[in-house]
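Labels for the chains are A, B and C, by order of writing; each one numbers its residues from 1.
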Amino acid sequence: FPLGNRYQKPRSTGVTMIIDKGLGLGETRDLLNLAGDYIDFVKLGFGTSALYFNEVLEEKINLVTSHGIDIYPGGTFLEVAILQDKLREYLAMARDFGFTAIEISDGTIELSPPTRAAAIAMAADIGFKVLTEVGKKDPNDAFEIKEIVQLVKQDILSGASYVIVEGRESGKSVGLYDQDGNLRMSDLEELVHSLDNTEQLIWEAPMKEQQQELIIRFGPNVSIGNVNPHEVLALEALRVGLRADTLKTVLQRQK
Amino acid sequence: FPLGNRYQKPRSTGVTMIIDKGLGLGETRDLLNLAGDYIDFVKLGFGTSALYFNEVLEEKINLVTSHGIDIYPGGTFLEVAILQDKLREYLAMARDFGFTAIEISDGTIELSPPTRAAAIAMAADIGFKVLTEVGKKDPNDAFEIKEIVQLVKQDILSGASYVIVEGRESGKSVGLYDQDGNLRMSDLEELVHSLDNTEQLIWEAPMKEQQQELIIRFGPNVSIGNVNPHEVLALEALRVGLRADTLKTVLQRQK
Amino acid sequence: FPLGNRYQKPRSTGVTMIIDKGLGLGETRDLLNLAGDYIDFVKLGFGTSALYFNEVLEEKINLVTSHGIDIYPGGTFLEVAILQDKLREYLAMARDFGFTAIEISDGTIELSPPTRAAAIAMAADIGFKVLTEVGKKDPNDAFEIKEIVQLVKQDILSGASYVIVEGRESGKSVGLYDQDGNLRMSDLEELVHSLDNTEQLIWEAPMKEQQQELIIRFGPNVSIGNVNPHEVLALEALRVGLRADTLKTVLQRQK
């Protein structure tokens, strides 16, 4: 029953990033056996990685990477490291634990453009896949498309593999999402049309309606982040059109 | 502390159907050991069954059926099969995997009455428990009580064991639910009064408030579907009145 | 990266109470290995404890207590026992199963002050940690601060270790929360200022925004209840400021 046209792993576009808010080792193993083929990145949400016992953290990282999945600690953690002027130590520690990717963001603090570019370059040099993030976390901060476009271009020049469009854990009142979690499509289109390509963008879209809108807009191989681990299979079904919500669209495209 | 008057398994009314959006094998085993007595049907949500490795799927099906629970793939999947004119192959494959039930719905596509009746009869002949579904998925499609009543009667005549009243995964803006997930009670009463009995209806009711309203309206042995696997025990507590929300009602009935 | 000033276990303030709506044994083990240090109380939600097989329940209780965590059955269950005039039998049974704490509440039924005081004293005498609860469950019942203050003081005099401020499972339309789950801060301040100290209060706060407001108001060692098991690590990150939402606050305090 092949429907849609979905890339297989390893893939550089159409990636799925899940947010892990504290899965146990058994749960992680279970998830990977079930859905490892549909996951490309695991983010240990917030600063939770600092709260693990070392052995548990190392075992989790091994489990994940052995399935061909990249794993990285949440960006807030790195912001703390930059604030405390310990970026190099932080990156070394992350590599020692086995993390394969790093998120660089300014969700909370301000990073000057040179600091940001230097952090990206440093992490990339060490061998990390670098994901950066655009879009302030605070709903009171404005989301300026022109600034965002500039940032995306600069981050990729600096060595980022992906730029994440912030949607937070909740998917509401942030970045491109209004307070009900609806995508502001005109902002999205402006962003998309100001970029040469959008293949390096990962859209944080925790809500099903958001994932659906993105798949309808960009096709099955749009990159989506902050996915709930328990909904990986459901998202994959949505991508390939095995779900009422996108089946109509897939059928219409095939006509 | 016996409260309420709840039927034990195997039971034909008062069934609980859970929606499995991608539980791992360990999680499934865990759930069945804990709450197997309170589950009658497992639906593999959407088309997720197509996304499993074959061995994982077979093991999951064995696990579930060994606990005296019926299991079936989501209806959207069957709609695809009908669209591609592969219903017989689909049913044969489902039986080979070990599925014991089949859902026949027209959530996305239109099924003519004869096609629908034939599909029900074909599945029942093969030995499946057949569940059909009424209520369009698209919130823009009208929900006509008279049509629904007709469909329920016809489906049962054709061989369906249960007719599911669509509530979707979200429980909002569909069928008998308004956009906030509240039951439209007047529609519900009209539906109920147009049928001789409601024992073969399964109400999709993912939200606790919905489950509560149905239990208060119909008693502990109302059949409820699209239950979150992690809330099976909570639903059972609600049924038997071991929960603040229904305790008052149970107590009042005992007076 | 020590941030914030969080008490370690065993601690009497800053406790985290999770609501278990039906975790399997494997899931429980997994959670405790991951986050046992960040959990102080496990509540078996509603009357779910009555729905377990005895062996499963005993094993769960052993697992939890072996991690230095208290465990108790939901309060609704005890209300049933009082209603049926079986409190002593109920407490004896709870002790035999291995429960180490008891919740005494009048979420559904009315308890006269002497009955309530006697129940608290009886449970404390047997050796249970006693948690009481204030704030009616029914959103139509008024939440009177003066009454609450009186009740808190009386319960602690009677032998309660903690008084829980009711927030329900949903965190909405109850107690100090309005229908959107926002804390009514003026009520909260009135409550706090009428008490000598708030160290024995546990705030039921299932939603992240609620947890965040409480941490910003009271600091990292505020006691929080009805936490989703999958969000224990996320809450702990919020407490210590490893999360964008509270990082700003922690940074400002350190200035």
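As a convention for this text, contacts are C-beta pairs under 8 Å (C-beta built on N, C-alpha and C of every residue); 3 or more make two chains touch, one makes a residue touch a chain.
Remember, it's a predicted structure, so these values are computed and weren't measured experimentally.
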In this assembly, which chains make contact with chain B and also with chain C?
A
If I superpose chain A onto chain C using their CA atoms, what angle of rotation comes out, to the nearest 5 degrees?
120
Shared interface numbers for chain A and chain B above half of all numbers used, same, or below, different?
different
Chain centres from averaged Cα atoms put chain A and chain B apart, in whole Å, by 34
In chain B, residues with contacts to at least two other chains
26-27
Spell out the part of chain B that touches chain A in their complex, as residue ranges.
21-27, 45-48, 50-52, 56, 76-77, 79-81, 83-84, 86, 107-108, 137, 169-170
Contact footprint of chain A on chain C as seen in their complex
1, 3, 26-27, 29-31, 33-35, 38, 208, 230-234, 236-238, 240, 242-245, 247-248, 251
